[in-house]
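Multiple structures follow.
Okay, so subunit A shows up in both of these, paired with subunit B first and subunit C after.
Then we have the complex of A and B:
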């Protein structure tokens, strides 16, 4: 994709008067006036001006929408987190309270004992399992013939395409107390008593089911991306490895992983970002919408504080905390992208 | 690869290998497809609630679908989702195409900064946006409005659309554009007659993805749409959940109605977007 160099638009006619140096000069710098003004100058200047303004004209609508609906709200949520915001008839009223919400949040037992551990351990488990399963599936796909690879790819796409909302409902139904398939099966082999066991009330089984849901939805992206990486590895590397007597395990760790390390880095960081902000899959599970504080994660906690308890300030403070966490990971992500050398934005 | 070493043990070895491969494929297919199968078979099962661990449905009935449409008003929700998704497609396709051309075809100051900023805003958690946007929309009286929801979805789908389309635009050879200029075409003319037709396949794939984003979204639709006639399909399923009991037949039937279009779209565009997704992720 980056093989095509996107040099900036050459002058359409390639006419004699156009300075060729325009292509190598740092972008955005206006052309110096030619030493000998020619009749072309006015037209040339006009063309330059178009080249300077056109990209911004093209970008403007998108940037306006992004600024108004993503950037401005981010500033607002920062502002709200410093206020006690009350909803009144005909508009809300904010009272400045400084860092009170942050002080409350960071000293609350709920945050340190429940919310943060839930968020972090869940994300770590999801990322680890997603990457492991995705890589295994990619290795499997890499060894299959065309037909079976296609069949498996379509199945993987089905798991990927499953919307978070409906996927979550299916998993709830599978683990539903009493009537659910897995409750019945576990009851049949004497593991649990289906009549009294509710997997959704306790933290660990609740998050185990959520992990299953998120991994099921998330591993296809890893599998397909890693497969794309595997296909770029020259076969000769493996043949050389086999001649040296390396077994499959050694070939994977000594050849595959180092060669496509950037791919692994990127899917790991992206999965980390996504799994830290899982909301829908938790919120829709029984007890996840606030009735069971034991299963709060940072996103759900923020939402409940704001919309169920009308404490918009506290909700915003939690949201800011989550955003900062994700921002830190994002910075690592972007630096990784740039360190890949060949990357040209 | 195994053909390289043809020692006598080879045949038995490869039989074991084939068996292992087959087992792995079977496990993969079961894991990926079983939830889909369970959803579909429950949706058609006349005794959905009590099927327990019966792998096959006890029969085939359309009762759940009928209930979903007649009592659950699901037709309206699907229509709402289509309207919102359609508005999102139109605006996101247009805006992201312009932006993608700008970043793929022009070199200008702050170009890299703009690209990185677009990448960063994509990482922002929805939970951080939903509070201020809820307050903003309430102040503008845009809650409960399909337009207000569409505007949010346009913004949410733009970053990914710009990054993906950027790749598609970059693959159109510059020479094609220059040929149009030599024939005396102006930039807008070149855009409509040359660039647009060439990036159309990418544009369609990206638009479908924007549609899926809008179609699947839950948090904003759930928070903004308080009148039940304005629910989108993803939120509409929620109503079949009771306090103590859940009507799993209707829930799975409506879930199926939401899921199947997405799956079809996804499989259709995956070749186009699949490479773009992977390349986009690998190379930024």
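Then we have the complex of A and C:
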């Protein structure tokens, strides 16, 4: 009975560390069989087989769903990126072109001078500002009484609930050259000449407006998640800190941040992924749909190649590049964070 | 099983009608008997401000004629091309039976094999001689016609008649006068845009390219080559963008406008004169009744008199290769001829695709219609008839060129050379 229980409690962890388990087992399995040809071998082998298959059996439904929804499209995009694809009635024809699309993509000046810098700098700015603003709002919410916390939460959730399309149009409207609120304000204080300024044609103001839009849309999620983390921190820690003479700044960096580091990890990774693949907010802005190549980001570039030029291969190659980029960032980020965690232990 | 029941039902009904009416209805051929069938129809949203009652009536008439039902699904211009492509990839089960297809999309869709070649059917119905030539040509590739021209539109110059009279401006007849008129308007009506040079409006710019005698691209031995950086084309682009960059007749905010924003500004009464489609005057008056009686139109003046050619665009009603294609053709015929064609043209302010119907419109002598009809019949132009040009449009090559000139990032020649390079890359890819 105890062994069975033991096995049950072991299997999930074994399944959780799937890649590791897969590495060690094939090496370990053949060893005992020839070394101890005892009558127990058959029973032992069966038990091992069950031990090996059960976690995968239990994981199978989830893995199948994930594979169908995530892996299959990913493989298809990967396949497309190696082809010249032509749409035909009832199913298109792909001609294998090898890595041509990647070669074209990686040697294009547009990618290095415009697309990648736009994507990366925009994402970095957005993630930084979203996390900072979200955390500040969370700290504020944490200090508020129940009623005000509810009111403020509802207000910021409204920003989050707003569809990206609607939000984008509101920001465009606010920054409308000459007639928009911000253009008028900036004109009134002599910052710009409204008649000759069009925010949307230059890279920097264009992305500044897009950043406002994305941060405004993204900070509520961070605020709510961080707030949930803050609520789990025992008050005693702060009391002890105060007794030791730590000021608010020190309490934040020495108590709050280390305690809810996993929460920051999650919101940063999610924000990074979201902000790297921003599409709607850029595409809908004047000039963002391809008429101003200075403001291309990877998402828009991929879309224009695939769905405007019908060059599906090139579009897919750009999409794969985006995926790899995100994967690399996420892996590096997670590794550094975990390493830091280990050192502290 | 279900199908057999339906078939039995049809047979039974046919039998009953045959006994009831004798030979009269027995002559119907089975292809156009649509009892129990439903045609899926894709129509673009926005052409007709309220298309629902129109299609309700058309569906009722069609049901009476063939017994088939019509299911209309409205599509957005901005996303339809992608949706069509996806459906075509999916095959007969995914595409609609009948769809409104923009003329510049026809080459792309026809090449995939999704559209039905209806040349013979048009001939049989005796319709081919009556079709507006430029429009018929737009949907005919290698002698095969892929649908029926449904409606067409063309852009000319729309202006504020009241302001012209007030400041004693004569409608311009050449480019010099156009500049002069716009300059006077800017001086006397400084709050209004004298002549919007809208960076996102491709078909505003093309009129001046054609007007200077230039071309977007030329075909030689079946191969297309861009001509947008030829001296004549560049002259046209330079004149058009110069209205904003040199003459300052169009403020910076207009640099990123598309035709939609120009229309919005008209509705707010912020424009004195602009390029505008034949569908715009009525829409403007509807949105801003104060402007009733204050609008007028003229064909786009030519460089030294005459007219500049302007894009003649429109929509086809095409049938897709589904099992209902014969029935679908009947519905196309119903909509593109006679009563329903005239009604659609009237409700949408577009021109019908048939000469006989177009003449009826022209005969009404409406001053807000006649200049457009003249432009359409005498100075209409079409864009290169190839799948590649659809891609050039979708990737915004011309707006990109205009916007880079307007924002001062490139000279006219540089921008035109870049556009020519972009175009040729797409032509080369599709060969």
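In the analysis below, the second predicted complex is superposed on the first by the 251 of 345 C-alpha atoms of A that agree within 3 Å, B and C clash if a C-alpha of one lies under 4 Å from a C-alpha of the other, contacts with A are read in each partner's own complex, and residues count from 1 in each chain.
Please note the rule applied: a residue touches a chain if its C-beta (ideal position, glycine included) is under 8 Å from a C-beta of that chain, and two chains touch if they have at least 3 such contacts.
As the structure is a prediction and not an experimental result, all values here were calculated from the model.
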item: Residue contacts on subunit A - larger count, subunit B or subunit C; value: B
item: Which superposed partner A:326 touches (first subunit B, second subunit C, both, neither); value: first
item: Contacts of A:268 with subunit B and subunit C, given as first, second, both or neither; value: neither
item: Contacts of A:179 with subunit B and subunit C, given as first, second, both or neither; value: both
item: Subunit B versus subunit C as contact partner of A:308, first or second or both or neither; value: second
item: Touched partner set for A:316, first subunit B, second subunit C, both or neither; value: first
item: Which superposed partner A:169 touches (first subunit B, second subunit C, both, neither); value: first
item: Touched partner set for A:201, first subunit B, second subunit C, both or neither; value: second
item: First (subunit B), second (subunit C), both or neither touched by A:92; value: both
item: On subunit A, the residue positions that both subunit B and subunit C contact, one per complex; value: 91-92, 176, 179, 307
item: List of subunit A residues in touch with subunit C within their complex; value: 87-92, 176-179, 194-198, 200-202, 286-287, 289-294, 304, 307-311
item: Interfacial residue positions of subunit A with respect to subunit B in the complex; value: 1-2, 4, 6-10, 12-14, 26-28, 50-52, 54-56, 58-59, 61-63, 65-66, 68-74, 76-77, 80, 85, 91-92, 137, 140, 143-144, 148, 151-167, 169-171, 173-174, 176, 179, 181, 184-185, 188, 216, 220-221, 224-225, 228-229, 235, 238-239, 242, 262-263, 266-267, 270, 273, 276-277, 279-280, 283-284, 298-299, 302-303, 306-307, 312, 315-316, 319-320, 322-323, 326-327, 329-330, 333-334, 337, 340, 342-343, 345
item: Subunit B residues within the subunit A interface of the complex; value: 1, 4-5, 21, 24-25, 28-29, 31-33, 35-36, 38-39, 42, 49-53, 94-96, 98-99, 101-112, 114-116, 118-121, 123-136, 138-139, 151-152, 154-155, 158-159, 162, 167, 170-171, 173-174, 177-178, 181-182, 187, 212, 215-216, 218-219, 223, 234, 237-238, 246, 248, 251-252, 255-256, 258-259, 262-263, 265-267, 270, 274-284
item: Residues on subunit C engaged by subunit A in the complex (per definition of touch); value: 81-82, 85, 88-92, 95, 108, 112-114, 199-200, 251-253, 255-257, 321, 387, 391, 394-396, 399-400, 403-404, 406-407, 409, 426, 429
